[in-house]
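Paired with subunit B in one complex and with subunit C in the other, subunit A is shared by the two complexes that follow.
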Partner chain A sequence: MAGLPKLAVWKFSSCDGCQLSLLHCEDELLPLLGRIEIAYFPEATRTELDGPYDVSLVEGSVTTPEEAERIEAVRDRSEVLVAIGACATTGGIQALRNSADVDELARVVYAHPEYLDTLETSSPISAHVEVDHEIQGCPISRGQLLDTLLAILTGRRPNLPQSSVCMECKMLGTPCLMVTSGIGCLGPVTQAGCGALCPSYDRGCFGCYGPKELPNTAALAGRWSELGIPADAVARAFRTFTGNAPAFREESDRHG
Partner chain B sequence: MATDTSSVLLPDALEVIVQELRGRGWRVVAPVRRNDAVVHDEITSVTELPIGWHDVQTPGSYRLEHRGDGAFFGYAVGPDSWKRELFPPRAALLSARRDGRASTDGPGDTAGTGTDDGAGFVVTPAVPDRRRSAFLGVRSCEVAAMEIQDRVLLHGHHVDEDYRARRAQAFVIAVNCTAPASTCFCASTGTGPAVRAGADLVLTEILDDDHRFLAEVGTTEGAELLDLVPRRPAEPADVAAAARAVQAARHRMGVTLDTEGLHDLLLGNLEHPRLDDVADRCLCCTNCTLACPTCFCTTIEDATDLSGDVAERTRVWDSCFTLRYSEMHGGRTRTSARARYRQWLTHKLATWVDQFGSLGCVGCGRCITWCPVGIDLRAEVAAIRADQEAGAGREGASR
Partner chain C sequence: MADQVTGEHPTSPRTRTVETGYLARVEGEGGMHIRVVDGAVEQVRLTIFEPPRLFEAFLRGRSFTEAPDLTARICGICPVAYQSAATMAMEAICRVEVGARLRELRRLLYCGEWIASHALHVYLLHAPDFLGLPSVVEIARDHPEVVDRALRMKKIGNELMQVVGGRAIHPVNVRVGGFFRTPTRPELEALLPELEWGLDAARQTVRWAASLDVPRFEQDYEFVALDDGDRYPIDRGDRVRSSRGLDIPVAEFSDHVVEEHVEHANALHATLRERGPYLVGPLARYALAGDLLSEAARAAAEEVGLPRTVRNPFRSIVVRAVELVEAFHEALRIVHAYERPSSPAVECVPRAGTGHGVSEAPRGLIYHRYRIDGTGRILDATIVPPTAQNQPQIERDLADLVTAYLDLPHDELTLRCEQAIRNYDPCISCATHTLDVTVDRVERD
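Presenting the complex of A and B:
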């Protein structure tokens, strides 16, 4: 297999769901392996090839001093670094602690908090090293992951729109839930990529893909209030999946 | 349209039309009720129409209610426009396959075959679907929107081949509007509620003592279809009843849009503070533009397959409310909501006239209803106009 570009998949603080998206590319996985060699991917193989790596997929946020060092090493050995998922791109659900007292949380959760060595915050990969591409989502879309890998292998730009989930709703032909039913939906401020999954099942978007570009969270929150959604629900909605993304965090804080 | 060729159909005759067209192998696409809205889909029978339903539309809100009668077309336009059929969200443009013999002469060396681009690729244009489609229940604003898209996509410098094929296959059975929503303002834009041209057949639903449709012929193909359908010649009373229903619709329309001097009003107020105000409210979500039956902005998406030897190029809906839409060499020009809303408003209502000879708006109200925060272009224009007139008044007074 000499000569194929090398792929590494790295895990930081995360649930593994995003890297499993790669294994979920069932039909595409074998053909993909004809173009790229898995050099490091503990979730899939015991093979460990030394770097440098042509492409590194990085899942998870940085929450410990060890991770803060390790991400530098990964960057040093990677030609292209792709941050995948809500954790790697925003800090993830575990960034809820960023607005809490970490020592106190540790005492509540762990019997022996003294064994922990943790940072005050959970931060995205881009807070530590330069990132070439970000694939947002909790979990990421298989299609976007595959397209990004193929784009890197081919030397083209990946199709990672920064526009709203609404765009996908309209393209699918799903009538807007905010308009037909007064349901609170984060789609207008959330980045596309999921294919407007939740509105397709009559659920407002929970914002798991994180903010789109130019997210007017204040105007959307204002509309939610007009629809009768209480302030604490607005605050929770913005901090559910990507609450550490600045736009969502600030909006959440405005509502309590 | 001429009334001397008009006839009267009973509701059952519409079923005969649907079955006749389906018997020919055509798709019949019509309004249906789904997910709490009236959308467009292929039907197999007129019973699938949203019979007896009515829509209550206000800025940012849409609710369906029972009418208490058996009207076939007792609602206004919903979130789908016929653009979805004629100019779909995604359309394949071409595929390219690496043929392994890269040329050194550059593009054009095999010109004439139209297949090899000279860089070692065989390029195959996408073949549009050739199946004919009949659109049932097309409103006058939507016929007008098709004519606007024709000007843009067929009669400009570049012809969109996919659109041309789909448009040529379309058979339009229009319906004069008798149930406008509060968000409708086609009477202001001169595009309704009556269909004037551009349809194969035009129906007017009459709901007095007996439920019937006045049918007017627009094309030879429409006349030929009507010949196959049970009907009787229209009497003056039928024509009058149909005219009354349409006239009533005209008066029931909501807020108007004053188009007097609109072009100069908007282009003369490019820095108006109202644009900052609307920018605070606008989500740049693109719902207005994607729901709009005339908006035609697209992007090009290139994808490559697993082998790396096949590339596909797709035309995909885009919007002036996205950042990428203004991306060009050197950067992006419309980074703020203000810049994007201004681009949209001034294009629809002013520069479209310079570019294509008509407004880019047919008054269908979709951008108003389907805006999640209920931004209403009529109100934005009225605010700028009121300020301008007050300003003119002040100037007059100070003289």
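Presenting the complex of A and C:
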């Protein structure tokens, strides 16, 4: 298979779900393997080929001193680096530690926190190295992953949406839950990509794709308050899987 | 004998070290270190340098309704296991029982996760060990039909999770009290043709898995699994039972299980109080509840001569395949009998209290305990995932395996040790880190 571009998949602090999305491309997996060589992907293969790599997919956030060093090495060996998922692009759910005392948190879970080697914060990949593309989502969408890989292989720009989940609801013809049922929804400030999944299940968007470009979070939070949603619930809604993204963090902090 | 070892990098004439780097084809990263001195295993460590993600700490202060979505993020491969355990724990606190129709729907969602996870493990993660290949990519070159079957089965599991749960990774439709929206009958019936195909593919998987060569190796396990009355344990259970007489209500689980923080792993080690290591997962479920399998699954097991209790962990691949038959069969049964629940969820009003939730993740029993206050705020949380429970038993398997196969060439022994870890389908991903597989052999006079 000499000559095919080399793909590497790296894991940092994460749940494995985003790299699993690659294996979930059941129909596309074998055809894709004709276009690209898996050079490093420990979840899938024992094979390890040396770099440099044409494309590196990076899952997870940086939470340990070792990870902070390793991401530099990954960057050095990668032509194109794509951060995949909420952890890699915002710090993920484990960034909930960022506003707390990590030692105290560790004592809650572990009898011997001194055995641990962990950083005060969970940070996105872009806080450490230059990132060429970011795919948002907890988890990412298979379609966006495949499109990004194909874009890199063919030398075009990935087709990642800039719009909000609202746009996807409109395209699907899903009635607005906030307007029709008074249900709190983060759709107006959340980046599209999931296919407006939650509203189609009668559930308000909970923001797992993270903030869209220039989100008007203050206006949305105001609307939530008018719907009678208490301030602490508004704060928590912005503080979940992508709560460390600046727009969501700032809005969350305004409500307690 | 140690002098037959063909280690590549002797650090002294009496020391042999072989490193394979990173334990591949498991969820998450871990390491293995085995030290053999004069032919005797001196130390075995399954090391997990998992960056702690501190879920149990930041669950504090969150609403009880958020636990299913938050804990799902511990694992991208078995989120339904986490969502189910969290949901049931909260319902227990609220003293709410969901009706039979909602429970069947939960079981259906769980069957989807079993199908996707078991198909992934059997074919993509475990099978390459038996065939001496690095990955499924190489299997696809010689046996494309096998890989096509694997991917199609996995896809059916994912589609089932999509229809019932909204998506396969971190489903969005699960809530405390039930679901946000229940599927319509036509939505589920559309899955029937593929589920029928899948049942047959699962039977073929049993035959195929049974044809693989396994090393001779038997262990005297204490098996632990949930007891769900007259049903094979999947989505829930009222009691926890073991093959050596443990039989306790779920609420007493933490009285009998000791979690210990050891220096070489950021995952807590669980053992049974005053009894030691135990095994959860397919081997345990099959040993304790095999009689409750459907006729289809039992027939598939009997056809290949699978004994009623399997003590060779390398044959877990066959038991997983039998559970694939069971999951497809259950999914078909539930879809055929499906009547849409009158309401997607039962209302849950929080009250101060403690609740326990358990289910059978694909890789074994998972336990959640929460304490909440009268406003529904989580005061504390304890989560015991299957791999934390299996970890001490994995180390025991490795010690016994190395002792039994000390004469194997070094690389082969290392591979077999890796395979022994993969027997458990370990999910270190809530965890993780650089996996160093190291086997040291020291010769002493």
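The rule is simple: the second predicted complex is superposed on the first by the 256 of 256 C-alpha atoms of A that agree within 3 Å, B and C clash if a C-alpha of one lies under 4 Å from a C-alpha of the other, contacts with A are read in each partner's own complex, and residues count from 1 in each chain.
To be clear about the criterion, contacts are C-beta pairs under 8 Å (C-beta built on N, C-alpha and C of every residue); 3 or more make two chains touch, one makes a residue touch a chain.
Source: prediction; values computed, not measured.
Of the two partner chains, neither subunit B nor subunit C is touched by A:132.
Touch criterion met: A:162 reaches subunit B, while subunit C stays clear of it.
Comparing subunit B with subunit C, more residues of subunit A are touched by C.
When both complexes are overlaid on chain A, the residue A:79 reaches neither subunit B nor subunit C. Legend: residue contacts after superposition of the two complexes on their common chain; A:32 is shown touching subunit B, with no touch to subunit C. Applying the stated touch rule to the two superposed structures, the overlap between the subunit B and subunit C interfaces on subunit A comprises residues 202. Of all the residues in subunit C, the ones that touch subunit A in their complex are 20-29, 49, 51-58, 60, 62-63, 66, 69-70, 73-77, 79, 120, 124, 128, 134-137, 140, 144, 147, 151-152, 154-155, 158, 166-170, 172-173, 175, 179-181, 260-261, 263, 266, 268, 344, 380, 429-430, 432-435. Within the complex formed with subunit C, the residues of subunit A that make contact are 11-18, 20-21, 23-24, 26-27, 29-30, 33, 38, 42-48, 63-64, 66-67, 92-94, 96-97, 100, 102, 104-106, 108-112, 115-116, 118, 138-139, 194, 197-198, 200-203, 206, 208, 233, 236, 240-241. Subunit A meets subunit B in the complex at residues 28, 31-32, 34-35, 147, 150-151, 153-154, 156, 159, 161-164, 166-167, 170-176, 178-182, 185, 187-189, 202, 213-214, 216, 218-220, 222-223. Contact residues of subunit B toward subunit A in the complex are 34-37, 39, 60-63, 78-80, 84, 89-90, 280-287, 290-291, 301-308, 311, 316-317, 319, 322-324, 335-337, 369-370, 372-374.
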